[in-house]
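Labels run A, B, C and D following the written order; every chain starts at residue 1.
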């Protein structure tokens, strides 16, 4: 895989985005009606091959805890999940629930932004100049009634296949704790070198998990600005790599997948603006890759069976997810 | 597997529950501190064997749609999910979001009961006379702060293994549309006969999906009283079968897993009262088994790889889930 | 007050709306920047005069109960309020809350549509052909970030003044129970006759409460289609009356203020489309006027001090309210 | 009014609370079934006299803004309100809402803790050793189904009467900006001296608003720890003053009404523990008294007509409120 040279004008994010979009667009690739984007790469054949990676039968949840102690601070009304009980064991034991024959129950509710913790970005999550994936007008796709075209429910049955961990934090971490510093821009060269260090080849249809170590640091030091602040992450230069690799999806252990501060002056998430509306790439954020990574470091096996099925909220532009890796 | 004779006094649910609980209790079986219940049966070895069931690479979502058009009518504050947008494509196209370089985004929220659609019941969901799974006091387990012991997050990494479909609706449906009528009590004999008809053997650690056809009827006729009304479902007589089969979990396409009206006078979900607090059984409800069942009927293969990872809401007594079956 | 003749072409709602809007518009009346609409009529002088109506010191809440037993059925995601506890007395008594010296507490949450029960419609609630109050483009006023111009918080300090009850149900009810039948269109003549029967004159700046008896019937018979179904209510012919009367606001005991079925073929709330974006009229819905009406019928006094302060949710296009009438 | 000497053992909050409770209890005062507590002091006669205070007709909202920019940081799941739109003006203008004749609409939702902004504490909000107001067991009053006895709806019609502003911040502020420092304990002597400075007498049935200036400082400096941190507020020594004054209610411009840090070692809100369960006192928190206070300072009139009607959420232990003062 040949990554393009890492040269772009840092004063012109809009131009760089337009050029990358022109190089990397998958618009029309799977037909004008396509709603699956890069999930088209995840074929039945990919799944059959991936299932052979279940060898020890051990499983790992790649989800963070969903609770009020999460990293969100309210940016654009993104709070942490609020969980509350409508019936409790205390009440059941006290005997006030009105059920017969000693029956007691507990029930609960949650209110949450769909992007507040471990998640998939749907294809309707990001637009480029008012355009969504496959060249559609943003207003035709996502109104206040939700995403009528590429809602996350369209991916309900698809995301199970070969997971690959690229533990860039462990390979390039400089301080002995397998963590990249904030602002570290992961380039295609870093990705390739990490794969090589792991002895693994990234293939078409893979679900690639890039570990930076940012979550490990937050776990140790407190959330701080984990949600929206500085962070290691993918360089804008990865757009072409992501395109050429023909991944089904990519996920990271950071809030926002790409490096922050962003690599352009006055920019905001320019890589998103290329990969979601133009590549149609499924992007996972805030995944917890640490336990899996420790296991992969121990046994040297960085490929596994991965299921990451979004909750099919009709018309949602994202979804909480509990990805399960099985080795 | 020997099911007990189907004789119980329909006027004494409390007595029948106590007797079944005495026969079937798993309390202490995996230690006083155990929080996993029957998921203990789902071992790595089970997973390794199950992964070989991925042969064609086709995948099926077993989740219903999560939206405002669901079956809930407000019983015990159970509404359907309410999804709303905090940013839209219309706004992005209009250009009022305040982002640079043509970036636009859509974000969303949800408010929902955790038991409103396709779900797992956690072990803290049901109590018997103020007692939860493993003999704990209900008040020690679930307060208004949530389930401090057996919260659904304890199952985050576990539920991936061998799924088995028992399509009782197709085997015993009488009217040519593979659906059992409301009030049809599925007995151990029905389960065994269905497995035999499918040419399959239920094994320790299985994730068994029982299809009644109730959802198919609701899809055709409208929800009506799908949520809480009459329904086919498991007979109370299945308690021992469920215990002896050493399933990891069971799930159905109905609101409440057991037959309704319940088989005792003035009763409410008596089988729940045995299997959750005493067996420690994971119970899935409102699963959509229809597409999978059609495929199984077509190819005659009723076992598959099944992942059904709950969203790990800390302290929740249940969770929405999008179960993925792969054959 | 001269009401226009009740002649309009029932096949042409769009034309009738345009004509009424042209006759009744208050656009520009209080300046291009105005955000208060008809609340401009509610001057300090009006308040001073109204306060003298407090004579017996008795007070009446005009709010319905806010709970899960309300009339909403989910139309456009309007559910009933969902209230849940995050701390309870049971838990406090059990002693598990972690507070010192015997302190215990209870806390709670609510999730609700702002238009689900007794409410004010804000001026950003309804548009006519993409135009909001005072000639503004709808997209300039209400995006997914809320109403940036006429949010309900702009009315936070204003709504206290002279309340007048027009108990049309009691004056024109035909079956002895002071209730108008569904589909009963209240015309200007009905309003004037009711005021005359009460011996009261409607004045500029009044907060007029029109009782139809629809809520009384729902209370007796069950909600049925109270939310969105057939109902008595104001005729489209009242647009001019409402304009000429220079009311500060109007409220009814119905879901939607105007008569339903609407008086035009294939129409939806045409009177709203005139009075909110063109008159800038504050409209209250789902008020409970029954206890107040009984008192007014008993003492013959139909004017009172009325406070109806919306909760100032920033950018909201409506608000729950508990209107208090004091006589 | 004779305040008791300000002597209490700071190492024994539990003892001090018990003694104050014994001196100040209103349990049984209005009968064993009473649910109104000190609102019993707010009689029709009080209202008739108070209405005469409406002289200039000017009105003041005493509510803070209800939005995501509020002071809450998530303590005990108390977030700021989350407001979202289910229909927008942008969508209406774009023309995608499905309504006839050019009709467009905007609708919205809110999710919020009932104690997150300007509010009333209901009588079920605080317990003393598992006991609620009027000697009831906490578990009999507030379960996860809500407050079945003293829910805030019981106060729906009552809270309109004579408001009195005691601007302690302005009278005792030391730095020229009418603000008390954090930790400033307002004693009965401060309250009496403030009333005297204002030339006003506190009377039975009054709704007393105590301004500390804490909100003014937060407005200037940012929220910081406004919610739950250090603050000026009422001294524990005020318990007897509050009892003897026979107020209908008291409200402050602070998060928690009483001084913080609390005046006892290791204590948490000891004055609450006396005044809510024992006096049955209605307590308002997070009120915005600044605009009203400026007006009172300017015209020297510190009494006014005050309406502060809670939204009657059935079974709620508190409610958002928009108090309106009219002078």
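As a working rule, contacts are C-beta pairs under 8 Å (C-beta built on N, C-alpha and C of every residue); 3 or more make two chains touch, one makes a residue touch a chain.
Since the structure is predicted, the reported quantities are computational estimates derived from the model, not experimental observations.
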Self-contact between copies chain A and chain B, residue sets same or different by half: same
More contacts between chains, B-C or A-C: B-C
Distance between the centres, which are taken as Cα means, of chain C and chain B, whole angstrom: 44
Averaged-CA centre spacing for the pair chain B and chain A, given as whole angstrom: 27
Where chain C touches two or more other chains at once, by residue number: 77, 82-88, 90-91, 94, 96, 109, 111, 139, 143-145
Chain A-facing residues of chain B, complex: 13-14, 17, 43-48, 50-52, 54-61, 63, 65-67, 69, 76-78, 81, 83-90, 92-95, 99-115, 124-130, 132, 137-147, 153, 156-160, 264, 266-270, 272-273, 305, 307, 309-318, 320-324, 326
Touch list for chain C against partner chain B, complex: 68, 74, 77, 79-80, 82-88, 90-91, 94, 96, 111, 139, 143-145
